[in-house]
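Structure record follows, encoded as structure tokens.
Order as written gives the chain letters A, B and C; numbering starts at 1 within each chain.
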Amino acid sequence: MSLRKFAAGPLCALPIGLFLLIGFAAPLLAVIGFSFMPPRTFGLFLNPTLVNYIEIVDSTSYISFLWSLALAAVTVAILAVICYPVAYGMARIFGKWSMLVTLLFTIPLFVSENVRLYGWVLFFIKNGVLLGTLKSVFGIEADSWLFTTGIILWGMVYVYLPFMLFPMTLGVAMVPDQIREAALDLGATRWQVFREVELPLSMPGIMIGFLLSFVLAVGAITEAKVLGGQRVIPIIHDIEIAFTYAQNWPLGAALAVLLMLVVGFLVLLVLRRFDLDAILGRR
Amino acid sequence: MTQFKQSRRNFMQTSAAAAAAFATGGVAGLGSALAARPKELNILCWEGYNSAQVLDPFRESKGATVKAESLTNDPTMINRLRAGEINVWDLINVNNPWARKIMYPEKLIKPLDRAKMEPYFEKMMPMFKPPYKWAMDDSGKELLGMCQRFGPYSFVVNTDKVSREAAEDQGWDLWNDPANSKKYGILESDDWNVFGLCCIAGFDPFKQHDDADVAKFTDAAKRVFRGAKMVGDIATMNQAMISGEIDFHLTGGTYSASPARHDGATNIRGITPKKGPMRDGLGGIAWIEVTSIVNNPDVSPLAAEFLEYVQDPKIAHTVAFAEGTFNPVAQMGSKECFDLFTKEELDAIQWDSLEEEMSRSIEYDIVPDYDKLLDIMTAAKREASGG
Amino acid sequence: MSDESTTGRKSILQLRQLTKSFGNFTAVDRVDLDIAEGEFFTIVGPSGSGKTTLLRMLTGMETPSSGDILLHGERINDLPANRRPTCMVFQSLALFPHRTVGQNIEFPLKIRGVDAASRKKRALQLLEQLRLPETYYSKNVTKCSGGERQRVALARALAYNPEILFFDEPLSAIDYKLRKTLEKELKDIHRETGKTFIYITHSLEEAMVMSDRIGVMRAGHLVQVGTPNEIYTAPRSKFVSEFIGDVNVIAVQTQADGQLHAAEFGTSFVPPRLPNGFTSGHLVVRPEFLRFLDRPDSAINCLEGRLYNEYALGSRIQYQVRVGEHVFIVEKLRQQAFGGQRDDAVLIGWDAKDSILVAE
């Protein structure tokens, strides 16, 4: 009886524990393991080597890393500027309409990213919705915008907007009305209220939005492929090539591990700078 | 993206399976049922064979569970067999060289019942006359697979912009003309692009390359990728050609142009150059699919039945026009099958020039230093980033 | 009455027919009020009575629908909160959780561009004035106890140096004992600073302790304004009298002989001085004025009931006596406890002078 009582907790946790182990830890460990295998091999238990990492350092892979990080950083910056006013409106102004805005931003998520991006291709392509209309209605013949870096950013901002907007909205909504009013009552101008009170207090939501959209945007590939016509090769695309056409799993795994390290490092750096707990006054 | 997701998922599956197999101390791997599998069939193939139009009649008549997974890359499929999925699949459908040169020597596939299956080749188009080289092993004794879809695959032009005649004459030099910068796209199918770049660089892809060749290849790769308007999948290429974003694209043929042609855009046309750097001065490359039975220790008896099933004229026509891309099939050699094709369908697969184009093409083969060339090409593509 | 207490002192804040409506709902209805400079004025009312809306108009967080707010005789209806020389201590205190105690107190000074050294000097002064240790300057405000947070909020408001300080029930979430201490402390600080305090609460008891004058609100109307003593001894309505605490209320009407007829008991009572034109209303008797009688003629007004229960309230004991369905409350000092048992038949009564007659 006492044994059963003792074991009940761990026993109940066992399935989910195993699930996590198999579903999360095992693939991750497999990726790490593969990254130390000789190039173009398919076993996990060969003699470990650093060849893949050396190959990456010697190659031009840094270009892809830089593109991915730069595109993600610019995307996050653009999203911050676009989303804050919308988030502010949704949390404080739109009232019952904010539900509608939420729907407008979430419904597209039910459609696959590929389909939505192909939609934009049809919109922007030569003689497509935009340029075709410009040409037939206004007689303006503009160069196609497709297959440029700018259009890749457009796609990324479009795809990752909800991931910035909703945490940000929560962040703004977290600032109690009375605190805002108190600051105003103590003589602060609207700008001072924003800078001294609203911004710092909505920081947790903003930071979560930043991190979420950054991490997702670093992993972006479809925008560059579909809208960008592969004029930019983000790091994920390099990883994909390694795992598919090149059939060089160890190289792909090493790229993946490096990407995890780089992104992990950046995220930790940000989290150190902005201690969420401290911002929330929990510490 | 989809493709990547798939390969990542498969990669995970394989890893997990490997881990599980390791943990249990066995080498059973996936689907390690010891029982026979009379009602189960697993097919690893290019898209088309996995379509419901093809599989459903077979499922119904046999009362079988048929699972088919499509990939768009031969090495990936073969590597999955190598990674232990030999226990999972019953049939594998890849391009011509892999069966005799790689899979059979590596014991990934097993021979067919030659006496029973070879007669089907007699009913195919003349080029498949038995013993057909790519269906046989090196010794010429064993039949390794059945043929069906095939096609020339060099490049595609919009004939409103570049005439078929001019494109066939200029051939691969189309990509060596600086005036054509930003007028073309590159279809994302990296093995074929390696072949194409070899031809542009002026040498046969299917031989061992010396340093001079590699240098020329590197130069061609950098130049061609920098000059490309974009790189993308078949839909993107056809869309861009129809809209006028580009005038022609690298590596393509009936396989990639047929969806656009079938939609009425018959100005989109696969081109086989009249001359080129390959054996006998040939300029084109063609592919022929060979479907083989996997050397699965517990292979399904339905595998051989399925190979016979798709020889049926009606089913062969369905395979030719299954979802995705449209292709000629060897079975069109029989009148009964050929008559099932409408004029539009024949036009979509460029029947008018098919024989001529095949005669100007050498068959898909294995590039001895493929890995090296692919890495160079991948780097060139990456270095053209943002350009 | 209000004239009396403001005599000799200048009005700082005047409300003229001040009204606030939200759609069809009138939250504050034509309120007139004069508040004298340096006064501690408390607005009391149950929740929903409009007192918070009234306060929000006074602070500038809500714009009046009609009527005027005059500060030193000047109309300030449209002056935004951040430009009014007034400041509020919020019910939630609204301290900035991402700031230290010192930074909270210095906030209004920082906003005004006061240099860091002067800010800190003033903050330390305020900490001392509010009996907070100097070390709290750099303490995280979320680490402070409830009472400490009250003081920080008050210090921050005082740092703004407002002419009028508003309080929106800041003590409502604090336990009874500490609340009693803080009430007195607040009154002391009022005295020390000499500023005008306008306080809002739903507890008349709290209002009594601190205020110079009290205004009672009901359904958007200011129903009575007066000193704590006036409100206590001379409520003008059943509502105000009941708001003060447990009272005994009997519905009555005048009858020909000048006595009051109480239909509920089928009897009549001798009234206190009858106001002119009074025809019907309520007779209010405070529990401490009700007596247990030996004989019916020991008091001028008498009822017979049944002792239902008794409750010990510290220095006093409260008895519940039922006359029919009507519950009467009687209170005695502990030393004068009534010796009766539950369900005993008892006589209760009161003198006419100890009752109050209200019209409503």
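Keep this in mind: contacts are C-beta pairs under 8 Å (C-beta built on N, C-alpha and C of every residue); 3 or more make two chains touch, one makes a residue touch a chain.
Computed from a predicted model, the values in this text were never measured in an experiment.
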Problem - Pair joined by more contacting C-beta pairs (A-B or A-C) - result: A-B
Exercise for the section: Report the chain whose mean Cα position is at the greatest distance from that of chain B. Expected result: C
Exercise for the section: Give, as an integer number of Å, the spacing between the C-alpha centres of chain C and chain B. Expected result: 88
Completion exercise
Expressed in whole Å, how far the mean CA point of chain A lies from that of chain B is 35
Handout entry: chain A and chain C: spacing of chain centres that average the CA atoms, whole Å
Key = 55
Practice task
Sort out for me which residues of chain C touch chain A in the complex.
Solution key: 59-61, 80-83, 86-88, 90-92, 94-98, 107-108, 110-112, 140-142, 156-157, 160
Handout entry: Contact set on chain A toward chain C in their complex
Key = 176, 178-179, 181-189, 192, 196-197, 200-201, 279-282
Problem - Complex contact set, residues of chain A against chain B - result: 22, 26-27, 30-31, 40, 42, 44, 59-61, 63-64, 67, 113-114, 118, 121-122, 125-128, 144, 146-147, 149, 221-222, 225-226, 228-233, 236, 238, 240-241, 243-249
Completion exercise
Note: in the complex, chain B contacts chain A through residues 1-4, 7-8, 11-12, 15-16, 18-20, 73, 75-76, 79, 82-83, 185-186, 188, 190-191, 228-233, 235-236, 239-240, 243-245, 371, 374-375, 378-379, 381-387
